[in-house]
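Each of the two complexes below includes chain A, the first together with chain B, the second together with chain C.
After this line comes the complex of A and B, so read on.
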């Protein structure tokens, strides 16, 4: 058996698992998206074909476009913040000479272990208008004189969801950046120091260029995840106030699982969402990742 | 000796008969509506290994009733319990996935949809069903009967009432609670001005099917309006009572009089009662009556005993609804599912409305059965938390929510309610006017119909 055949055979179980767990639901959702599917039809398996009707109804729905707009804003805010914070924190915990950085390195991982829905509920208490810790702390520090309705004000609600989301997912980005930092040869910094480069120059001329690849990877992954944010929305705002926090995944969920349970349109909205993520990933790969790896 | 013996025997016989009579009388008295030999006591002919129900959480009532069912009939009952808001998605997912579901429950808003989608088994032909239906209250009849067929048994019934914090009212030197909307504003403005309450009124305006929409429905109905007429035409146009009510309501929020608690936009029925129990507000807007069992529970509320119930302004018209249990078409055995359904929404083996009575006593819930509503279970059961005669007086002035908003019988009501929640919250937060909100909702009717 040739090495290529052997490699193929070894990959077959994985391929079968992926086909069953990933490909089948994806293909089935595509099938549903071009059929008229309610609860009864889904149980009986008898669907009426309705072509692109679900997609056209979706694209005509102003609420869908509001959800897309909110999703884009949420993604820009969270991904940008995560990258900036991840680099900053990774640089801090990379200081091996400081013993506290070892403790911090462990503690920084804790938010990642919090289930998303629990994270949302914790922040709901923090944000509570009259009784929340956040308002109490800010009031005690003299930063605010009246309580702020963080999650209930349409101007702040989306950001109020973004903060817990960043808090929960930031450790993932920190771990990646920290790992990349450890791969940068120390000699580069030593040579730069001999040449008289200050800390800022070392960061902009050595660290940042060496982190570009990992930043591109974080961009792709975090964008894909931010596009599908759901749990924090469910726990903190349920899309409100008004439509201020209706995001794409919340839209798909409501269309699908709230009566009249339009599974066809829900599948169509998921496909459109997936297509958007695909386009974003392509843009990153085409314009960011390739440029930094060449 | 014989005479002696006869005399003793006679006396003893009299005592036994008298004793039996007393036992019988007390049984009749205690089980005013219990008949132990009815169809609820007859064992089904078929056999099942187990049964299940899919419900939303409420204390430990389901653990208790499942145990009781197993003790009485020897059949274990599995329960799938989610939160109120997560229940319809959970049920839908299980049903769509082909799982067995014997019994489930529904709000009056989801129910017509579940029926239309083929999830619900009709009950008319089942033993004892007609007797249950004959005992339904008016609201329950309207919810549980769909297209002339009996489709469910009642979980609970509720009426929308106002609450006020009596100590705060005394502090303001106001001798009686509001009896008109003008007085309500007057009291709230005074409370704010005197520094007694920053936000004197807490509304139930969290996103939901009957929370935010229910508050608007209730006040519109109380002021003499509806949302749709009998022919299904909307009543939201310029100058309509619903539109004017919304204008008035929005004016209580930040961009207007700024007397409404901003938390209003997040609270549901129970969370609203808990928030009110903190003692920061003077009035709690119209809401399910049983919130009193939280506000007036010393374990949950620092102002327990000081929260009073109040009827609505004017002639006191208010709204009410009933939630139901039903047998799903995904049941494993209809005969046994009916038996289980009765434990939740009807009578247990002993012929008692056990669940309805314990819900009244433990949770202050109203019943869908007239006989329970007329019984001591309500009069004594509700008494620890509120003025029972006052609540029952309000109850008598209640109309079923479907009379105010007849679209709840239509499948498009759900997507339209999603829009209603969005538009009204935008209006209450000053992003759009009440006129724009109502215009959007009128346009949204056609959009919602297209989504179905």
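After this line comes the complex of A and C, so read on.
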């Protein structure tokens, strides 16, 4: 068997899977997005072509724009917090001579093990206005005298959902930064110490520049994934209060799978979401991936 | 490098303490919530630790709703899906194990050829895999639901397994390919000279050497599959085909919120992956790093 035939045969299962579960649905979602598809059409199997109707209705829907705005705000908040926290905690667990740092390092992956939907329910319990664990702790510490409605206030709800999301996805960012820290030559720090640079200077002149590439990777990947946040929204706020936490994936899900079940518009909105993420994917492939050595 | 002076050490301990509290707070809250009755949760809404602890929440879930215990004696309503805990747990096990097996099988065949055979199309396949990682699940699930519905394949574990395998394959290939790249090609050449087929050389020489990468990839795929909500939620609505995350999601917005039961079932659902993460931490760390930056 020639090398070419061998390579092809070895890839047949993958190609079938990718065609069936990725390529075909993506094309078919495009087809649905330019057709009128509701429950009735789904039953009869006749989808009428309606051009850009779904897209123009989408752009006229104020709720869609609220969802886009919320998604962008959520993404900016979570990604910036994650990068700052990841660098800080990675530096912290890098202090192997401090015993508490070794404890933190052992625990770092724990949130990665928590199912996102369970994470959402757990924080629902933490945030609960009446019975919540967070209010209980703050009462005991004497920080508050009246219960706080963490997730029920439209001004704070989006941030209330952002915290559990950051909690769950932070380990990934910490691990990447921590791995990159191991790649910085010790001599750089030794030389800087001889030159009399203080800790802050060593951080800004050596550590941070050496972490630039990995921070770029985290920025692109986490932005792409934060755009699709879903489980925590479903568990904690269901888009509420009002429309304060409607995000893009929640919009596509509700438009499609809650009455009046507009599959065409749902597909169109999910295409807009995919296009937003596509920009990040392009940046990732063009500028970031493969240029980093850990 | 910073930890030289006494005050610096103190600040580091303090920062660690904050980090540890932040990491453990939700898990501790879950355990405390799961180990008390609804009554004690409601009796004093400012108290952190309950007056008395009970295992009745777990007993109710693990007995499929049969063993009501002391705390649910007078309960007139209980969430229906609690009764399907065992079915959901075994569905989750079947789905996650099948997805892990299929993904490792297909993924290693692909990743090996992508790493070894530099054709234009294998390079393209690698780029397609990177791009595929960014496709949002919801974009795939709307058309998949329409297709599965029209061919009558909603409510089957097979559909969920195929969907998750296809969705996770690109990620698995991204984790595996760089590792295959590091295994020297001379080993297979020697085996081929000794009369081994191309597949034989892959199967007998390369695959055993790639065990650490397969472990890293396998555990990550298992965890992601165990956590996956949207795919089974949309494809499987019937109680006997639900996976654990779907059962948990069904408790959201129930007519009566049982925080204690919720925390107990969350604890049961997160236990398997927590054990995996503790046991296989090293592999997960390597796999996550490889899947993000190499290729």
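Quick notes on this one:
Assume the second predicted complex is superposed on the first by the 248 of 294 C-alpha atoms of A that agree within 3 Å, B and C clash if a C-alpha of one lies under 4 Å from a C-alpha of the other, contacts with A are read in each partner's own complex, and residues count from 1 in each chain.
Just so we're on the same page, a residue touches a chain if its C-beta (ideal position, glycine included) is under 8 Å from a C-beta of that chain, and two chains touch if they have at least 3 such contacts.
Just so you know, these numbers come straight off a predicted model, no measurement behind them.
Of the two partner chains, chain C is the only one that A:13 touches; chain B does not reach it. Greater residue coverage of chain A by touch, when chain B is weighed against chain C, goes to C.
In the superposed model, A:61 lies in contact with chain B only, and not with chain C. Look at A:263: by the touch rule set out above, it reaches both chain B and chain C. Legend: residue contacts after superposition of the two complexes on their common chain; A:271 is shown touching chain C, with no touch to chain B. When the two structures are aligned on the shared chain, A:235 is found in touch with chain C, with no touch to chain B. Touch criterion met: A:199 reaches chain C, while chain B stays clear of it. With both structures placed on the common chain, the touch criterion links A:139 to chain C but leaves chain B unconnected.
Taken together, the two structures place residues 42, 128, 130-131, 238, 253, 257, 263 of chain A in contact with chain B in one case and with chain C in the other. Interface residues of chain A, counted against chain C in their complex, comprise 1, 3-4, 6-7, 10-11, 13-15, 17-18, 20-22, 24-26, 28-29, 31-32, 37, 42, 45, 88-89, 92, 95, 97-98, 100-101, 103-104, 107-126, 128, 130-131, 133, 135-137, 139-140, 147, 164, 167, 172, 175-176, 179, 189, 199, 202, 214, 217, 221, 224, 227-228, 230-231, 234-235, 238, 249, 252-253, 256-257, 263, 266-267, 270-271, 273-274, 277-278, 280-281, 284-285, 289-290, 292, 294.
Across the interface of their complex, chain B is touched by residues 38-40, 42-43, 57, 61, 63, 128-131, 149, 151-154, 238-243, 246, 253-255, 257-263, 265 of chain A. Per the touch definition, chain C reaches chain A in the complex via residues 1-3, 9, 12-13, 15-17, 19-20, 22-27, 29-30, 32-33, 41-42, 45-48, 105-107, 109-110, 112-113, 116-117, 119, 122, 125, 127-128, 130-140, 142-147, 149-150, 162-163, 165-167, 169-170, 173, 197-199, 202, 223, 226-227, 229-230, 234, 244-245, 248-249, 251-253, 259, 262-263, 266, 269-270, 273-274, 276-277, 281, 284-285, 288-289, 292-295. Residues 85, 88-89, 92-93, 95-96, 98, 110, 113-114, 116-119, 199, 206-207, 261-263, 265-266, 275, 278, 280, 330, 411-412, 414-415, 418-419, 421-423, 425-426, 428-429, 431, 447, 450-452 of chain B touch chain A in their complex.
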